[in-house]
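Below is one structure. I have some questions about it.
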Amino acid sequence: MTHLPEKLLAGYRNFMSGRFQTETTRYRDLARDGQTPETLVIACCDSRSAPEIIFDAGPGELFVLRNVANLVPPYAPDGEYHSTSAALEFAVQALKVKNIVVMGHGRCGGIKAALDSDALPLSPGDFIGRWMSLLAPAAESVSSNTMMTAAERQTSLERISIRYSIANLRTFPCVKILEGKGRLTLHGAWFDISTGELWVMNSETGDFERPEAE
Amino acid sequence: MTHLPEKLLAGYRNFMSGRFQTETTRYRDLARDGQTPETLVIACCDSRSAPEIIFDAGPGELFVLRNVANLVPPYAPDGEYHSTSAALEFAVQALKVKNIVVMGHGRCGGIKAALDSDALPLSPGDFIGRWMSLLAPAAESVSSNTMMTAAERQTSLERISIRYSIANLRTFPCVKILEGKGRLTLHGAWFDISTGELWVMNSETGDFERPEAE
Amino acid sequence: MTHLPEKLLAGYRNFMSGRFQTETTRYRDLARDGQTPETLVIACCDSRSAPEIIFDAGPGELFVLRNVANLVPPYAPDGEYHSTSAALEFAVQALKVKNIVVMGHGRCGGIKAALDSDALPLSPGDFIGRWMSLLAPAAESVSSNTMMTAAERQTSLERISIRYSIANLRTFPCVKILEGKGRLTLHGAWFDISTGELWVMNSETGDFERPEAE
Amino acid sequence: MTHLPEKLLAGYRNFMSGRFQTETTRYRDLARDGQTPETLVIACCDSRSAPEIIFDAGPGELFVLRNVANLVPPYAPDGEYHSTSAALEFAVQALKVKNIVVMGHGRCGGIKAALDSDALPLSPGDFIGRWMSLLAPAAESVSSNTMMTAAERQTSLERISIRYSIANLRTFPCVKILEGKGRLTLHGAWFDISTGELWVMNSETGDFERPEAE
């Protein structure tokens, strides 16, 4: 039989002898009483941008959906199963979170794939191609701009995609209604892996600014 | 304009003054060289079971997909966009991860919804209902056993769903092939929020055992 | 003539030179005054789960009934002789025990036989088959779930059978009445031979939990 | 919810920190490989005569059936469920034990009830009365002997009952056959709670003698 990679087991032991020891009660209470996170974070699968690390969050604080390029498809009650919509519905309707943060990041492989479609498909199913096609119009508008450098186009689409996901969030009736009632707030954020900087989206202008600069 | 919740900003400042300081170089290198995680973890969105925390993982170590109930739908190259399949394709084909860990956990709200369909739908779209319908046959087989307690049925379905997702992973040609060549290994794990125990799936029997008890 | 197996005689000598020496007075008093155990333990005949060992009990402490799979048949004043009912009546009516503990265990051969009726009958009398038929409905409900592993089905039935025996205990008027008066308490426990863990039944939910985890 | 009596939990903790520590491997092996006890002990439920204590037996050594007065009813393939016959069948047919020891003891409450029927019934079901009625003829023959003291009658019936159970064991075809082939040996023993003496039955004469006196 196979075993978990030793690195993971070693990490788990660190967790048990370290963090779990200091938060034993918290975990037990969360198990008994259930979770009541106030925030849903929609982030990328990228191994360099874990929300709990970047926000130094403890157990029970963040309900986290992670997919490639932190995308939110538009509302589509077509009877198909939609992973992202299901998580959104659960967070908003069942857990009644007060905030939704769409957090993108620099050097996103998914965004890169959207800009460099030559690299696709990775497999006959072309699942990445299909998934990133949600950003096709935006990707095209950016790709066509040869005045921007490759890095600028990448960062540009990363931020456009965050605004796009936030716009799609508002196509979900429950989100639209609750936001209108002031019971739900939508946020955008972009994490710079290289510098550790977190850029926060200005909800009025859509621009990304650094909190410490506010 | 709105701002990120103060709690998140405070957490971010802790990250910057703490962990990021000690791993500045690591982040910079990961930004310059790109990520090369060896493991894809497919976990639940639950706020109490963050993979990076449970495995005490640092930046660049885990590529993490998170959806409700850590489900992997079967291979379906139907031209639709599939969030989970896209992340799987990216991890296996582009990042060439060596391990895939499907990590479930106790008290899973998604699993609970699958066993208690009376609570659904949460919204007209019934996204959770559609998503969990992937487990319908399994849920039925468990629900019908009234001699088990509600908690026993819940735990049972949580573990069945992990084996189900692992079986579905093998319906993806790339996974099947690479596993056959010994270049990719599939793992199952179940985290007990209340006790912090991590139960690892025995790949031969499908049973969940505690590493320390092996 | 035959003699007791040497191993048993050697063990007896150890008892006489060891434990008996330190508890000589206790044995003498128990002989003179009679036994007044406060607990009846209904356990399995299994050679790996002796109540006196697991509970480190001394002489006079536990009144112990042991049959295959620690089963308690339902109350049946039909004039037949019932080994289990007789022991129960003696413990409750004559000894007035305050607690009854139904203790099951992992890897129970009787439970295995109930789940794998192909292995039966062992003899023309099919005594095991008849005895385990008390669990037939429960066994069927578990066997039918092919999504659970063999080990999961086994553990599930082991725990269901404990709840079943406790329910049957309450069909005995004397038990029902004394429990109602708060003079008798029923308990369930499950011993994991492999790890030595004792899981105790939560009397409200019927779930089995580890004391140290409470 | 109720908890196990503290005395039992304390005893269990002693077991875990003591005996289990020194026999961890043995328990694990017994769990993995299954039990292969060489001896079936049929003993009384009495709290003062635990076979594992008297024979200082470790895990996996003794398959133990315990009922009131260590009785073995005669072979009766009548389709009813017989606790004792089931355990006997399992020990002989499935576990293939080499020895069966019927162990009685002094001051047996069941035997006392058989001699003092005035004390019965204890309950409307009169389960003890029915159970001990297996010894009715023997009890009568002893009771009628007014030349013996009450204590002598008690000891006398205790020993007669052991020979009676051994005789009944031979009414089971499997026992009869295996004993004839020399693959199964039947033994009788009587434990004196007061002195700790173990009297062993002489298989030829049926007399009880003390090993150390042989």
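Chains here go by letter, A, B, C and D, matching the order in which they are written, and residues are numbered from 1 within each.
Criterion: contacts are C-beta pairs under 8 Å (C-beta built on N, C-alpha and C of every residue); 3 or more make two chains touch, one makes a residue touch a chain.
Only a predicted model underlies this, so the values are computations on that prediction, with no experimental measurement involved.
The fewest steps needed to get from subunit A to subunit C, moving only between touching chains, is 2. Counting the residue numbers that touch the partner chain, subunit B and subunit C have more than half of them in common. Legend: contact pairs of C-D compared by residue number with A-B or B-C; the interface matching in over half of them is A-B. Rounded to a multiple of 5, the C-alpha superposition of subunit A onto subunit B involves a rotation of 180 degrees. The geometric centre of subunit A is 15 Å away from that of subunit B, both derived from CA atoms. Subunit B and subunit C, compared by their mean Cα positions, are separated by 40 Å.
In terms of their C-alpha centroids, the spacing between subunit A and subunit D amounts to 67 Å. Each chain gets one centre point, the mean of its Cα atoms, and the points for subunit B and subunit D are 53 Å apart. Shared interface positions of subunit D, i.e. residues touching 2 or more other chains, are not present. Interchain contacts link the chains end to end along an open line, per the touch definition above. Chain pairs that touch one another are A-B, B-C, C-D.
Those residues of subunit C that touch subunit D in the shared complex are 1-5, 7-9, 11-12, 14-16, 18-20, 24, 27-28, 30-32, 34-35, 37-39, 45-48, 50-57, 59-68, 71, 73, 75, 77, 79-91, 93-95, 98-99, 101, 106-107, 109-110, 113, 122-128, 130-134, 172-174, 185-187, 189, 192-196, 198, 200, 202-205, 211, 214. By the touch rule above, subunit C contacts subunit B in their complex via residues 137-138, 141-142, 144-152, 156, 159-160, 163-164, 194-195, 205-207, 210, 213.
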